[in-house]
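One structure is given here, and the rest of the page talks about it.
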């Protein structure tokens, strides 16, 4: 199939490459000409503008927008909507908030343009491993996109089949290939959002655990309860037969093997929206999300030296007990 | 009554003063001679050693130990146990872990020495306001100490009577005077420990709330959703008729009135054991203690620039997404 | 002053009464005629509709809307906006989300109608004790409303002055009377929202603490570490000189004095929006809100027998360890 | 090698089998004769008592105790200590608290008996997949046990090598085979304890995430924001290329594939000590453990219908606002 790809960063560029490897045609555009040039040298068709891309695509055209969520994606989709006629397909493959998908899908449906949201996990490894994709949108449109989605997904590969999966009607065979049609517009990004919320939680569980291991050598502990643990070997051994083996642990093991001190990292941790939205969703549903929220808050806290609240705690302690603060 | 007071710091010294104001006799000892001298000039009898104090007290003697929990208290009580005969009373007024009380009470009971643990709240304000006391130990011993405890407690004062208290047998009239006999040895410190655990939680709730108020002026927020709030006036107004009025809020209002920036505080917040023990008690009882533990952890976190766990989060993010850390 | 009050429930009715006690004239309206009749018998002027109220007020009219947040308030304010001309004042005294205030104020400003949001704390006790009020809106309008706000507020009363307050220009003297002008439209409800967020946190801290006290009698604990504690007396004694004394503790003491088992309560705890919004605000500002969120989630959890997540935990434990669940 | 195995439950029996498959000799004992008989029919030597086992082992003997932590393990090790002379090796393969290991190792060292603690992960799958083991004890003893540990461990298998591991002296090659010598006595169980603490956190992250997915179909949400999600397919697709793939997710996918409702689980979740101890260790080190503690507390909460704390929340709300509880 022929597809237009807008946004050729780490994700968009690799998506274009993986599609071309599978025999699809990619028409590519980015504000950065060198990103276009690189893909053109690999067989893509370059576009000089959205209009140019529109002219170079089949009718109806298929667009894959792979831009930062928020203004860049919003403006591009608006521009595409201006170019598109009936039956065109606009895919948002970024990290858009799912309520924006719902709104956009409604607006585009008035012109009979189809909107599809694709939550994409796999990071920089997706080019080789394939992308795990969660798709929202009209059933017929998603069916039509199957060849593209299947090309991007990891496929069955060598991952053992899940015991209990037996092909009953409740199971979508696409899931085993690495993508699903999650539901109507927004459902793809919603599932991806919760995926990222869980990701925050898993990461925080490992982080706290390794913090406890690292702290076990502290001279503040009684001497015979102190252990000088080899975190590199611990991460490695947990990869092998333990209950907590995972891809995130594999990555931790690799980082620790390179430098057990992790000295090149400062510990100021960004968050990209999905953790926040996951907690919002939990609150809308009245679901307790102690762990996922704590994982998010730990990132906020990592970026602040001292909160105003901490100072207030000190001020109260001074107030009732005359307690002087710990030395800075 | 005549009572020996060992440890004349902020708490012990004021306790001696308040007892003398009420007509009791205080025999006082501290490693620091000037602390003794100050109280002697106010009417106390100075002791040059525990042995000297023992000689100057009535028979059976009553000791109030007001020292830091742990070694100082432990060693002093051991030394007193060596001096004491049957019916002597040893009171630990510090912040001892209640399981140490249980152990000590058993050991002392073998010599028929009575052990009483008094959890004391009130901080530097106790001299004037009186101390809120939670007492553990044998009923007869606590009854015998009533004159001393009543002198230290705030008394009925002007605090309105609790609606619903009606003198039924389940109610101990001492509670309204500001002290209770909580149960056998350890019960006093246990109740005081939970008191402090709650204190951590309350403080953290205010701290987080004021943090949110302070952050509402941030330039990262949309301009029309930004408020430059006067925290001093907010703390003040909440003292007056609001649901969250409290003594801790009074102290916060006072600290903010002196300096809305709280610039003299660094935000490194100490903890003194009771928060930790409260969470331990919760775990022993399988009681969920989300808030009290989070309040404790916030204090730990306030004392660290960047945790090892935070660095591991950054390392994982770099591993799966090539994400570069936020600038330091 | 003359003021129209719309919504005569627990809060609105008492506000009308307290205003009339202070000599103000109240024109009152409610969908429930008997609520109107009761106030008319106390001196209020009844209105049969918003139009009737409009006719009975001075020019420009002042309206105090005291309805549930959301649709009832929104629709009433829209209806009033239709009736009002320049300089009219519409006050929303309910628990509106502050972003709705910002939106409404902008829309009304186009007609030169003034919008004021008043966050009101004090609950059922406000009639006697006065209401703690946090006000947002244009300075001149709030100044103009001073007589009304002062009548509703507790006033200086017998609450001791905060040490450190010294009348510097940074301090608004209104704060000591029990109300503040927090900032432009929305600021009043924002401060009230954080107030309620803190309230959730404080309540949860007490709840967890009393849970630990109550659990200390459990037969699962070693016999000599078990205490059968009198929660009624503990709550009472903490009111007297302790660091954790507060109005919420007073209420807890009263509830426990009536029934130490709290048998008439099921433990399914509602939440009214502000806790949720406070956590949202924290996330927008990237402020860690571990305690306030945990307090909110505990309410969600209290309303569910078993979460789906809990079942998944059991399923995983069965999966890796063959662990059979605890008996139901 | 010849080894005595005491405790032939799910874990101990499979350990005996896996050792025999690798050519080791197992002398086996259990209070339950049928468990002995089953292994004898598979080639093991049965023992009728600890004394009998002692007689049937080489000199010095090697014992692997695989019993529930606490009294059963403690008493067995005491009995073995009575039988053993110099150079005997006692291995505790259960879930013992690491401070008990430290104590035992000291006591046994006085008789020159060697104590080794082995934290074992792998659950019911270990027989086929091999066990991930974290070992504490004297270096020479652990070296001597290498043939046994290597036979139990998964070995290199098909798990890809960790990028960055390059055989530098800091890396123990045993880690890649699936076991490590973590440090002196107690270090093995300490690392296993933190492993389980992390396990609780990971499980809770998935549980909360699936709870949010499951709740997204709720009729309380606005109709166009409601999704009826297929949890079975979501778990499946996340196994394939996503950042959150893990063994626990594999198990979740399998449980959901069997029954998307998880109807056979009640949601009352047990905990086995390590989560509690991990939080204790965090507190001893002053490490913030928000996520690991919340994961533990969620298990406590899952076993209670309504906490006393929840009732107190309701009582306070009634007290200040006259709020009536939600219907039960």
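Should a chain be cited, it is by its letter among A, B, C and D, assigned in written order, with residues numbered from 1 in that chain.
In this text, a contact is a pair of C-beta atoms (placed from the backbone, for glycine too) under 8 Å apart; a residue touches a chain by one contact, two chains touch by 3 or more.
Please read all numbers here as calculations on a predicted model, not as lab measurements.
Asker: Counting C-beta pairs in contact, which chain pair has more, A-D or B-D?
Answerer: Here the pair linked by more C-beta pairs in contact is A-D.
Asker: By CA centroid distance, what chain is farthest from subunit C?
Answerer: With centres defined by C-alpha atoms, farthest from subunit C sits D.
Asker: Averaging over Cα atoms per chain, report the distance between subunit C and subunit D in Å.
Answerer: Centre separation, subunit C to subunit D: 47 Å.
Asker: Just curious, how far off is subunit D from subunit A if you go by their C-alpha centres, in Å?
Answerer: Comparing mean C-alpha positions, subunit D is 31 Å from subunit A.
Asker: What's the distance between the Cα centroids of subunit B and subunit D, rounded to whole Å?
Answerer: Measuring from centre to centre gives 38 Å for this pair.
Asker: Would you pick out the residues of subunit D that each touch at least 2 other chains?
Answerer: Within subunit D, residues 123, 125, 204, 206, 208, 211, 215, 243, 247-248, 254-256, 286-290, 294, 297-298, 301, 303, 307, 309, 320 contact more than one other chain.
Asker: Could you please specify the touching residues of subunit A with respect to subunit B in the complex?
Answerer: It comes out as residues 10, 123-125, 203-204, 206-208, 210-211, 214-215, 247-248, 251-252, 254-256, 262, 265-270, 290, 294, 298-299, 301-303, 305-323, 325-328.
Asker: Which of the residues in subunit C come into contact with subunit A in the complex?
Answerer: 243, 276, 279-280, 283, 286-290, 293-294, 296-298, 300-301, 303, 307, 309, 320
Asker: Under the stated contact criterion, what part of subunit B meets subunit C in this complex?
Answerer: Residue positions touching the partner: 99, 102, 121-123, 125-126, 129-134, 153-154, 157, 159, 162-166, 170-172, 174-180, 182-184, 186-187, 190-191, 194-195, 197-202, 204-206, 208-209, 211-213, 215-216, 218, 220-221, 224-225, 227-230, 232-234, 236-250, 253-258, 260, 278, 281-282, 284-292, 294-295, 297-298.
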